[in-house]
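There's a structure below that I have some questions on.
Chain nomenclature is as follows: A, B and C, assigned in order of appearance, with residue numbering initiated at 1 for each chain independently.
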């Protein structure tokens, strides 16, 4: 149980004469008992960050503190941290019981019978009691995963670190374990840092998520904040499936002018933009509505492709009916599964002004986001 | 149950995480013995030095040195220490029953003496011939055997075991076998060439032949080794390459020559280096052929001449000088090899 | 039948292709060549074996590779070979076994320290290069200093005088010197062999053990060592063969075959040579007797031996 503080953490690798910055000036603090999910595309530095917390990589610059104690120079074995690896990293020559006792034997002076009791109880908690005398090679992937988890839990460390622990499981098991991991973490209340590239895991599991790209921290916030109030265009595009629609627009007076449409904005939105005129307009597919009436924020579009998902349809729309569908700018909308539109139809799409996001085209920074309250209201409706 | 953990850990924790230094020294890094009694400032200082060293060399440098440093020093003393010492001795005039070399007067006399010694020049030439012919011949035979064995044959293991068998035998033992094979009156070598009307040949007596007879025997002993190395290389080539060559219409011969053999470069280099080293160690074989320091006439190599000069003639310094020449030859082979391996990130 | 197809999945097709229809002239030629090659490797050994059972007259009268026949059969040479070499066998075991075990263990911890823990790769590479270069050093380059070292600097013979007082011939100091020498020069190859093995170990598993609170020493003791079994087999077999077969060090450290501590190779090198000429039957019997331990090891553990030499 501990707080974890990353202050301007930087990691560089030397590759020949080149210096590669893997993690660039990352600062964040993780509260006692919090479940933080670090997410980002592969190579973004999320695993390196985790390994620095674990002490498996040295920290090039910055300070790392656990419970206000700087641990930069403390070795892995003395940090009282438990980690669950993607490959599970079980000791193949030891039984499950020995695997789980190993950490307690190495890091505590507990007598054998107490260790045994703790292992048995943890095994019970995870439902692997009957596996305790087996070797890891005799276990299924899901069982090995549980043992790896049990090995971390039984030590009751100050911090749990998990490096894509579910990515070797099949889809069904992964969904089950996702729920179970959350429940466990909730019960145990151990500060947890969880690394994944999977945005579903990020959105569903974490108290907060930290989004990394190219070694730089993009945003740390609750999943909903990241989704509805992204700090920049990268975060907006990374979260959400299908991804947010983006259109390059230029501000001319109170209108946003794109290649194929013009979009008037009101004074409130206008005031958020300052004197930036080169913008990117973003709209989430689920915010796009198909309507009957016309208006300033409604556009005539042609349906290019419909992908039925069952509960909803993903519809690809084009503003210009004559354009080559391969190259024309598409507007993606998700609409109710019962709403029958078919390819070639002409439909009116509304881009509601209260749902648009506007980003500075040069920096990617978000200048205007839809407000969380509005979003919440809409969901209530 | 979770509360039970909490309580437990609260009782353990103080003895655990609190004192980093104590834990560290328990890890047995540097002078365990002094840890308990050392006064506080000293320990701080040591911790700081350790941290600084670790920062420079990598986080486990100090802790891991206990594993590799003592063996490394022992080996360094016996290998590099001895080579340097040997170099020093080669610059003295140490000989006969003097107890120790006189290091006060160093010169290159032994090296000039070597250049003037026709025996040395002959031995150097023989060494080169032996290295080149033995290495090349062994590689070719080994490659052929590997290709044959790799064709999905039955009893692969049996054949491989037979071909590698001589490698497990001592030079001293195989020398006995070949002494018998090369025997003038009753040896197999002469009865085999006798069937085609040749010979008999005095294999070990004829100065012009003996070196090649020795090379042939060494090839017999080590071609199995080359085969094993090549076999590993062949197994590493994806089968698509064979298929692609076949689809392209290459004949079997062309396929091996143009597609497969070029991919065995790595195997060839490492096998060649090891074979040359074996060749330089051929001393044991030649010593056992003659049962003494003087090998058959015409088969003297630097390795045998060095030992003979030092241990039979007691010309210690001269022997050392020859050893240095031999060492330089070996360095010429292994230096580039190690750089090559380092570049390929194989170290 | 195309060879390319046959090769594709290596051994797996063997069973499929080994049906009578599949046997072509090409296949037959392949096996004939393989058998001839096998004969080439076996004949010198076979010839030595039959010769060791021949009487003096049989050696002259029968072909060198033919069996002796009833009249020419004798076990006398084996008897004298064993008489001459048995003492040497004991001496050889006395240093080969400890030197093998120690050098394998030392190689294992050296390789561990240079492979598993994290420290700068460039420094590791320097240490490794120096160690690996040690494999290829021609031992002639260290012989004279080695002699100096053992005869002038470290005089084990005197240091251990209390042992000789117990009635053990002081030549046995040479055995201890041989153990230390073989261990020192065996470190490079043993380290290399273990390193190739440790490089394949799961990094995450080691990291997991470190995070579990284990020191490097404990990681070795509880994780790496128990998993090193297969490589220990390879290294022990390889080292034993090398040390048993080596002549050069025994020659300069023990020096005379008449010494009570003379190893078997030293006695064998001079066996059967006398003024009346060479007694080949005796030499062959001796050669086989001396090779018995390594042959046994090779036949029992051929796989490991092949792995050891290939590395």
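To be clear about the criterion, contacts are C-beta pairs under 8 Å (C-beta built on N, C-alpha and C of every residue); 3 or more make two chains touch, one makes a residue touch a chain.
Model, not experiment: these values are computed from the prediction.
Engineer: When you average C-alpha coordinates per chain, which one falls nearest the overall C-alpha average? Tell me, please.
Structural biologist: B
Engineer: Does B-C or A-C have the larger number of C-beta pairs in contact?
Structural biologist: The comparison resolves to B-C.
Engineer: Averaged over CA atoms, how far is the centre of subunit A from the centre of subunit B? Could you give it in whole Å?
Structural biologist: Distance between chain centres, rounded to whole Å: 53 Å.
Engineer: What whole-Å value do you get for the distance between subunit B and subunit C if each is reduced to the mean of its CA atoms?
Structural biologist: 13
Engineer: What is the distance in Å between the mean C-alpha positions of subunit A and subunit C?
Structural biologist: About 57 Å separates the centre of subunit A from that of subunit C.
Engineer: Enumerate the residues of subunit A that touch no fewer than two other chains.
Structural biologist: Answer for subunit A, listing residues that touch two or more other chains: 55, 75, 77-78, 80, 107-108.
Engineer: Where in subunit C do residues touch at least two different other chains?
Structural biologist: Each of 118, 215 in subunit C touches at least two other chains.
Engineer: Do you know which subunit B residues sit against two or more other chains?
Structural biologist: In subunit B, the residues touching two or more other chains are 27, 54, 58-60, 63.
Engineer: Spell out the part of subunit A that touches subunit C in their complex, as residue ranges.
Structural biologist: Touch list, subunit A to subunit C: 54-56, 75-83, 85-87, 89-93, 102-103, 106-108, 151, 155.
Engineer: Report the residues of subunit B in contact with subunit A in the complex, numbered from low to high.
Structural biologist: 1-2, 4-6, 8-9, 12, 15-17, 20, 23-24, 27, 51, 54-55, 58-60, 63
Engineer: Over in the complex, which subunit C residues touch subunit B? Could you list them?
Structural biologist: So the residues of subunit C touching subunit B come out as 2-11, 13-14, 17-18, 30-31, 33-34, 37-38, 40-45, 47-48, 51, 59-60, 63-65, 106-107, 109-110, 112-114, 116-120, 123, 125, 127-149, 152, 181, 183-185, 187-188, 191, 215-217, 220, 241, 244-248, 251-252, 255, 265, 268-270, 273, 278, 280, 283-284, 286-288, 290-291, 294-295, 297-299, 302, 305-306, 309-310.
Engineer: Under the stated contact criterion, what part of subunit B meets subunit C in this complex?
Structural biologist: It is residues 26-28, 54, 56-61, 63-69, 71-72, 74-83, 85-86, 89, 99-101, 145, 148-154, 156-157, 159-181, 183, 185-188, 191, 220, 224-225, 228-229, 232, 235, 239, 242-243, 245-246, 252, 255, 273-274, 277, 280-281, 283-284, 287-288, 291-292, 302-303, 306-307, 310-311, 316, 319-320, 322-324, 326-327, 330, 333-334, 338, 341-342, 347 of subunit B that touch subunit C.
Engineer: If we count contacts the way the header does, which residues on subunit A are in touch with subunit B in the complex?
Structural biologist: That would be residues 55, 58, 73-75, 77-78, 80, 107-110, 114, 118, 121, 125, 156, 158, 187-188 of subunit A.
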